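In order of appearance the chains are A, B, C and D, and numbering begins at 1 in each one.
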């Protein structure tokens, strides 16, 4: 397929490479010349502007941008995507942004004659490189079926979450719960160890009991309990605390927009913010356990 | 085996019946004559006091009591168990109490020549009746091996958690995390639905993602997502909110004793307390979602 | 002075009347014809658009609008204030908005040659009518001195808080603390009464001790402790919970922008949101005590 | 008056000296020989045990002990105060303990024929030395009037809070609110400064507005705002964080006993616990601002 790709950052770069590997004909745009050069070396063509990319002969354009302001700028700006793209070209935004903005952009696209999906991902840079990302997709069922084979070249779990914006809703809800349960796991593991338990034995009990969660059985924050996760390599790599703060910010903002209380979600946001405030925003978010467990410091 | 059993409440009653079914010779004591009569009808003998039960010819005595004050009273009181029991009789306390009290009683028992285990359970009255409880056991390895066959007649998951008191530690840590992640699940499900998602689709996404936890995949608080759990029958049955408040109270007290912060744990305790304060302490703890989701009211 | 006034809502209406009473020559604009008619009846002239008001011969234009989006629309829009006003006309925005937006608008005004102050108020509709508002003012010292006599016809406490945006900063910081201490007061009063104290005696002790705050000595949330405050008239009138939620939303957003944790502030926001969620957003914010004190329900 | 005094710690020592200065005939007991020697040097007689002190010819016995377990031990123990004292001797306990324990001891005293007051203090060691403590007193009105002149030699603000235990209730409610509003003040001051305000200007605005509280106008946590308070001398002296944690622990425990939620109170307890966990439990509790304000570190 002739695909345009905008946004070649830590996630977008490897995603674009997986599209190339799958045989797609890719044209890319990014402000970073280095990122563009890397993609060109891997087989992509380059466009010199969003408008140039959008006005070319593409069947599908995928964007992967840092925040809602960039998404709105790229899609809705004066020289933006919708101002240049032909009606009928398919659009997928894989950025993680608030559901309201996603719906606003999807509506503008639909009015312009472009079917659009929001398809934020989870799985981190490791998943982007391995092509094992999860895509949470919002949009029309037909459009989802159209996009699925393309998304499957970049991910292994492609989930339809409902109409436009629902991909973002699913991601924001999932990641809010993740942010909460990781702190819960950190508190429970630290409390048990402080009271005299061996961390591996405690994790074993929890993982066969009602406290079981991804944060205990797959990504345990206590060092030495699980091999190969950030807690066992000094909390490097993984999912940065500042990214978790961004996602929790999206969750509390989205909650505000629908007048929905999220007490634990808001507390989690502030606790990670406190960790970032003390200079640890670049560590994996499971390093929140350092606030509870002196053995970790 | 000749077993004494003290405490025939909602949990202790069915546990005693399972011991009888397994062929043990049971002598029971409880303040409730009705409860004693039911056990006698099921084949038990009765004792008229703790002292009478303790001074008889038992190999093992099991206790199942509401709170630490009762455990201390029964074991350490003037006419209590340790004052009457012969050295060498094995002791198991299956009450859920704070680890410090459990260790205090176990130490007194050891000094009196009685090996003792703390063995709190999870699994609710349903698990007690079906004999499928989880036992989290603290005490010496030899003693754990001695007790395992007896415990297996009442439960299916018997876990050794380390020395005396560690059964209580494991339970308190697990249940604190459960209390936290249930509220997290309630907030995430409510937020997603408020933002336009179908609850079953949302649960499906979360359960294959990093937000996955027992509270979403086994006991989802949103009605209609999972059949047969309290949220699908008006939050009746299950694990009462006031019992969760008791367990979170044990967790925060235990944390205080070791100067360990548990920010989310303490917030969870207060949120359930608020629910109980408004008159819903008898509902299953997953009913906390009513504070977040107007569809549930 | 020849003054333009935009925004004749619950606060702006009485503020405009006080300007008229003080002898100023007032031209007004509002989307509500009723509000405009009332101001005209009180002696104002009317303009038919922001542009008409801005292009007239005014020395000073004051705006009082609901939220940042309206302020940006009125000042920065295509037919907005800055597009029409002559350089040199003084500008005051008394809306309560986030400091970042206030600074953005003030910067645009300065570039256009218009000195501008942000001057949010506290004191409620009662203070607006009585001319006893507090103005928290951000902007240049000279400009503050220019505006002071005008502001003094609408308020009695006019405070210079520093450069542009600092009026908003002061308001957001003050109101966040107010929102926190009101819940603290509600919890402390409820706890003391639950434990057996007379509420007036308890308030008396606190008000001469280290727990003393405006929420206990001037606006006590417990009914019957202070006459004439919302708690003594069913929580009607006063400062609506939904307005407090708006201000706490500004506080947590502003905190996010500077990566500053505000744990208690975020929790307060969610607790008021929970109260609004249950249908009480129109009650005075001191009604949060209903969540703690069954006597109040 | 012939007074017995038990407990010569940081608070009790200077309190006893003020009683001596006022001309009372004092007999003292403490486990610390150094403390006893100092009191004897200041004019007191010494007793060699609680029983000896209690059985002597005293009109009034005052106790000042660290925690409820000590109070119960001294009053209710086998060789304790009530076992030895003559009926009719007046009793005052100035320890800070939970209201339930205070009432239990007062009831035992009454049954033994000894009128008793609970009279916890606030004002710190400085107030104890200067004789300017606040006494919050629970007990019978007649007994309060009897004790008032004695308490006035140690304090300047003597408040009757109602029946037995209410002195403790007042203290626990006041200090919980203090603990909350100090964190609120820390967050509000830090947020304002992060957003560009001068701390003194911000404190000035808050102190004439609705955010005003003892923690901003008398004991501001931001350094340099108020002279002579702990924040202006590196958070030394003052009211130690670990003591605040103790008082918040009493508050949350008392709340649990009456099934009263205290959401902010519990969060405050955990935030101070986190500060103590990181090794700062000996600093004044206003040092909590270090978690919010990088200028303070």
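Criterion: a residue touches a chain if its C-beta (ideal position, glycine included) is under 8 Å from a C-beta of that chain, and two chains touch if they have at least 3 such contacts.
Predicted model only: the values in this text are computed from it and were never measured.
Ranked by separation of Cα centres from chain C, the top chain is B.
Across A-D and C-D, it is C-D that has more C-beta pairs touching. For the pair chain A and chain C, the distance between C-alpha centroids works out to 38 Å.
A straight line joining the Cα centres of chain A and chain D is 51 Å long.
Computed from the mean C-alpha positions, the centre of chain C lies at a distance of 39 Å from the centre of chain D. Shared contact sites, meaning residues of chain A that touch two or more other chains, fall at 255, 260-263, 267, 271, 274, 277, 291-292.
Across the complex, chain B is touched by residues 267, 274, 277, 291-292, 294 of chain C. Every residue of chain A that touches chain B in the complex is listed here, in rising order: 99, 122, 134, 136, 157, 159-163, 165-166, 169-170, 172-178, 180-181, 183-185, 187-192, 194-198, 201-202, 204-206, 208-216, 218-219, 251, 254-255, 258, 260-265, 267-268, 271, 291-292. Looking at the complex, you find that chain B touches chain D at residues 249, 252, 255-256, 259-263, 266-267, 269-271, 273-274, 276-277, 281.
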